[in-house]
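These notes open a run of structures that come right after.
Look for chain A in each of the two complexes below; its partner is chain B in the first and chain C in the second.
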Partner chain A sequence: MSSNIKSVLEPFEKVKDDLYFFARQAKQNGEKVAGFLCTYSPQELFHAGGYFPVRVIGKEGGTPLADQWLQQYACSFAKGVLNLGLTGDFSFLDLVVFSHTCDTMQNLAEVWRRRVEGMPIIVVSTPNLNGGDIALTYLKRELTRVKEEVEKISGNTITDANLLESIRIYDMHRNNMRKLYEIRRNNPSLLSGTDMFTVVLSSMLMKKEEHNKLLEVLITELQKVPSQKEDKPRILVGGSVCQAQGFIQSIEMSGAIVSDDDLCMGSRSYVIPPIPQGDPIEMLAQMYLSRIPCPAFYKPGYDPAGPYIEKIKSGNVNGVIFLQTKFCDPYGFNYPYLRKRLEQEGIPSLLLEVEQNQPVPEAFRTRVEAFVETLIK
Partner chain B sequence: MSAYYVMGLDIGSATAKAVLLDESGYSLAFAVRPTRGRLVQSAEEVKQEILAHTGVSEEAVKAIITTGYGRDIVQNKTKSLTEITCHARGAYATMPNIRFVIDIGGQDSKAILLEPDGQVGRFEMNDKCAAGTGRFLEVMARTLGIHLDEMGDMAIHSEKYSKISSTCTVFAESEVISLLAQGEEIPAVVSGLCRAIAERVYGLASRVGITPPIMMTGGVAKNKGVVNWLSRILNQEMIIPPEPQIIGALGAGIMGLEMIKKSNEKMNIITQNT
Partner chain C sequence: MSQRVPIRATAKMKELMGFYYMMAKSAENDPNQKIAWITSGGPVEILHAAGVIPIYPENVAAMAGTMKISDEICAIAEEQGFSRDLCSYARTDIGSALSGKGPIMGSASPKPDLLVCCNNICGTVTKWYEELQRIFNVPLIFIDAPFQYGIKDRPEAIDYMEAQLRRMMEQVSEVTGKPFDMDKFMETLELSDRAVKLWREIQDLLQHKPAPMNSFDTFIHLAPIVTLRGTQGCIEYYETLKAELLERIEQGIGTLEKEEYRLGWDNLPVWFKIKFLSERFSQHNAALVVSTYTRSFCYQAEDRDISNPLRAMSADYLAGYINHGLDFRERELTEMVRDFSLDGFVMHSNRSCRAYSFGQYELARTLEDKYGVPVLLIEADQNDTRMWSDEQVGNRIDAFMERVASKKQRNIA
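Entry: the complex of A and B
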């Protein structure tokens, strides 16, 4: 990697040492910070309401406080974030936004409401049926309600002009991230998967305006580098892991390159087709319904294997590793079908069950290495 | 006299294994020693033991391929490979029509499906828990006050078997103690324990897709009780190589030999072209 690119990456890396470095900085400057747990939270609305939206993420370690309130079959992501809510680690947040995707997330919101004091919460309910007029009408009404609630809590009025500007900034950001994914799809060795996931992580923890500027510089620098021949096997990472960094790094240490992903905290959240300008609430509703649907949702005519096969073909992917968070049922239901479809396409895949608040286990490394060994023939 | 030699080192959680091959792939000797937590030292011990035994000098060993949990910590290695690749390769070298390998080692068990050409297809490994591994048997032997090596014979000669329901080593231990307290005979308990392992491994193997002929490798393949229960539950014959414990090290050695041959071919092509 050139020293230019290395120095361009530096500001992104701040989040590796302190996830909420930028959030705390903003807070010190008197700004309001909203935490969101799911990419279905309409960040544009909170941005327009004067908040700096940051992703809520757990950290490595046990979750003794959360274990008291959540069942054993709640996922490690839910436990991890609730534990930090209970320890006061998130006390810098002015607002926490939950989405009703899976049942655990919905119920987590109610536990949080009762147990984490002094912090207003908003639950955004995206319809489980992601299609048709009824879903659109429902989501428009829901987003209007959320907008009014944000206005009430913040004391700021959200004008159409504000909201359109926020949508423009977020659209530009998604565009930039898609460009970066496209560059790596053609030439993954320009930027390792480990570095890519630092960029992805920082995209959820930095101001989009700032992140856009940094992304544009990074993209320009990467476009200057002549394409290199790469003989490492290319891996696409799928599944339901929210904190993927450690796993990605472990996969790349085994001699492969993670060239693409189908993760919610990854490429999935950047794929929203452009919506013609109009009523901003209607635009948001259309945008969130046209996403690659969360596995907890149903979209008529949608094939969950579609994005996988498309990325595998366009990016010459050699194998798929599913990082499946333990107890993530919606993703679990998708897996047998995905495995079958990949088999039909002749793409080897490996399923690994992971916990999000623990260091990468030795057995994970052995299995990944063995899988990569089968790809090098 | 061989022009060079290749060594496979399998540094597992329980034992360190070494196999020395000559350039034709003939296995000259092997060594097995307990690891006892000293990975580097036990690797060096088996290596020296085998060199002393065969009289081959260290310089004549052209490649050392390591595998097992300690594969990365061993110094002066040519390359490290996972146990999955090495067990598959070793089993295939022992019997080329093998399609399935069940390896039960000290702290994990694996089910590996081989493609007809010997390459690894799908595989599964147990994780999180020691149930269904050699460690499980070690703990139980201690609880029962018997020797690990006695367990196999004891199990196959027992007409009865106790039902062990727990899948966790620690809970199974307390289950065994309460069975003994109820007056259960030790051989029946041992047979029940072997059956419990076989059931765990059956689950693992089914996820991969059981495809005979099946070879069993790893130290636990020496336990007739487990082998017997596995062939009953899987309804398949278990092929046990003469030295199941060293199949991983053998596979590592063969991979090393193939590497050397491949790089020699490359060198030949380069010299021919220039």
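Entry: the complex of A and C
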């Protein structure tokens, strides 16, 4: 990697040591910070309402406080973030935003509301039916209600002009991230998967305006590098992991390169078809309904294997590793079908159950190494 | 002192349900008779009005559980890659669909021409029915009933439901090939409304001391309201049951020799351990007299507009216990404690059901701390026997009943 690219990556890496480095900095400047738990939270609305939206993420370690409120069979993401809510780690947040997705997130929002003190919460009732005018009408009304609630809590009026500007910034960000994904799809060795996921992580924890600037520099630098021959097997990671860095790094240490992903906190959230300019609430509603749907949602006619096969073919992927968070139902139900479809396509896959609050276990490395070996021809 | 007198109506119910399943099974070979698989909280009245026979995979899974064949059927789904951490009903049903094995006269449910999934009971059904659609390759109607976080249901959610139910009528009529009969639909809604009210009245009769029936019986008598609401047979059955319960009340017949303690139950039953649990609580002279689960099938919206039946139906299908947040659940639980004179609550922390179970620890703490109601949490599963231990659960029940008894004594003293 050129020293130029290395220095471009430095600012992104600040979040590796302290996830909320930028959030705290903003707080010190007297700004308001909103935490969101899911990429379905309409961040544009909160941005337009004067908040700096950051992703709520757990960290490594036990969850003794959350264990008092959530059963053993709750996923490690839910427990991890609830634990930090209860310890007061998130007390710097002025607002917390939940989106209705799976049963676990639904009840987590309820426990959080009743037990985590110090900040208001908003739950966005995302329709679980994705597609069609009926769902669109509902989401428009829901986003209007959320907008009014943000105005009430923040004391700021959200004008159409503000909201359109926020949408523009977020759109530009999604475009930049898609460009970066595209560059890596063609030429993954330009930027390792490990570095890519640092960029992805920082995209949820930095201001989009800043992130855009850095991304543009990064993209320009990467485009200068002549394309290189690469013989490492290319891996696509799928599944339901929210903090993928450790796992990605472990996969790459085994001799493969993670060239693409189908993760919600990865490529999925950047794929939104262009929406014609118009009423901003209508635009937002259309954008969130035309995403690759969260596996908890039902989208008529949608084939969950579609994005996998498309990325595998366009990016010459050699194998798929599913990073499945234990007790994640929506992904758990998709897995048997995805495995079957990949088999039909002749793509090897490996399922690894992960806990998000634990370091990468030794067994994970062993299984990944064995899998990667079979891909090296 | 009352003797243990069995409920006579049970035989009639078995007959009713047997007839229904026989009819459904024979319809499988009749191309003119359409069959739909539907979730327990689904808007079945639209199917009845269109002459489509509804089949409830959840009910079939529970039957497999009580017949103790669910483990074996779940294993078939697990071999296909469905994790043991997923809902055991879904695993039972998917295993049954894949293998043809099942509890209905020795085999699986009759194959569907249509699938109807309403997520007012959980999000798991969304994924489960997607899988059924892949297996059977038939149309899937998905009704999205937004979870109501607050106590008061939101009007935009009711509008959303209404629009989806109207569209469902068109979708069903595409499957039957016949225009949707609005008059028949209105009649069905009325039959359904009467059945739902009867089901509530029957459960409310258990407020009487001694309770004329036990919640373990209520679990069994639930079958018609789930599968047959909207039919005349359902009403007739519950009228018979109600009359018998009134008779039992008049004669002072309870379900225990001596009813000393009264308990509530939260979450689905542990289908394969109904007898064990019933006997264990009986040993302590404790009767289970109300459950959030069986009451889920008689929720009607609070401010329903009866002059507009479709609107009322749209609101009703949002109104259930588990489609609501914890403030609503707290209110319901405390009302049950008051109305049924409960001495404690038993909460089944059900590994299969994250929608129902997460939040129970919070509710249990609230009942204990804020209202002084003893709560027993039983960690188990509705259909998967593999982590159950008679000894462990039995000991916990014994310890809990000691706590209930000493608290009651203190209150009397």
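Rule of thumb we're sticking to: the second predicted complex is superposed on the first by the 377 of 377 C-alpha atoms of A that agree within 3 Å, B and C clash if a C-alpha of one lies under 4 Å from a C-alpha of the other, contacts with A are read in each partner's own complex, and residues count from 1 in each chain.
Methods note: a contact is a pair of C-beta atoms (placed from the backbone, for glycine too) under 8 Å apart; a residue touches a chain by one contact, two chains touch by 3 or more.
Remember, it's a predicted structure, so these values are computed and weren't measured experimentally.
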Does the superposition put A:V237 against chain B (first), chain C (second), both, or neither? neither
After lining up the shared chain so the two structures overlap, which partner does A:M287 touch, if you call chain B first and chain C second: first, second, both or neither? neither
Using the superposition described at the top, determine whether chain B or chain C touches more residues of chain A. C
Just chain B (first), just chain C (second), both, or neither: which does A:V15 touch? neither
Touching A:M265 in the superposition: chain B (first), chain C (second), both, neither? neither
First, second, both or neither for A:R367, with chain B first and chain C second: first
Look at A:A48 in the shared chain and tell me whether it touches chain B only, chain C only, both, or neither; answer first, second, both or neither. neither
Okay, in this complex, where on chain A does chain C touch? 68-74, 78, 100-104, 106-111, 113-115, 123, 125, 127-129, 134-135, 137-138, 141-142, 145, 295-298, 300, 326-327, 329-330, 332-337, 339-340, 351
Residue numbers on chain A that touch chain B, as the complex places them: 353, 361-363, 366-367, 369-370, 373-374, 377
Per the contact definition, I'd like the list of chain B residues that touch chain A in the complex. 69, 81-85, 108, 119-121, 123, 125, 127-128
Using the touch definition from the top, list the residues of chain C that touch chain A in their complex. 80-83, 85-87, 90, 117, 119, 122-124, 126-128, 130-131, 134, 140, 142, 144, 146-147, 149, 154, 156-157, 159-160, 163-164, 167, 325-326, 349, 351, 354-355, 357-362, 379
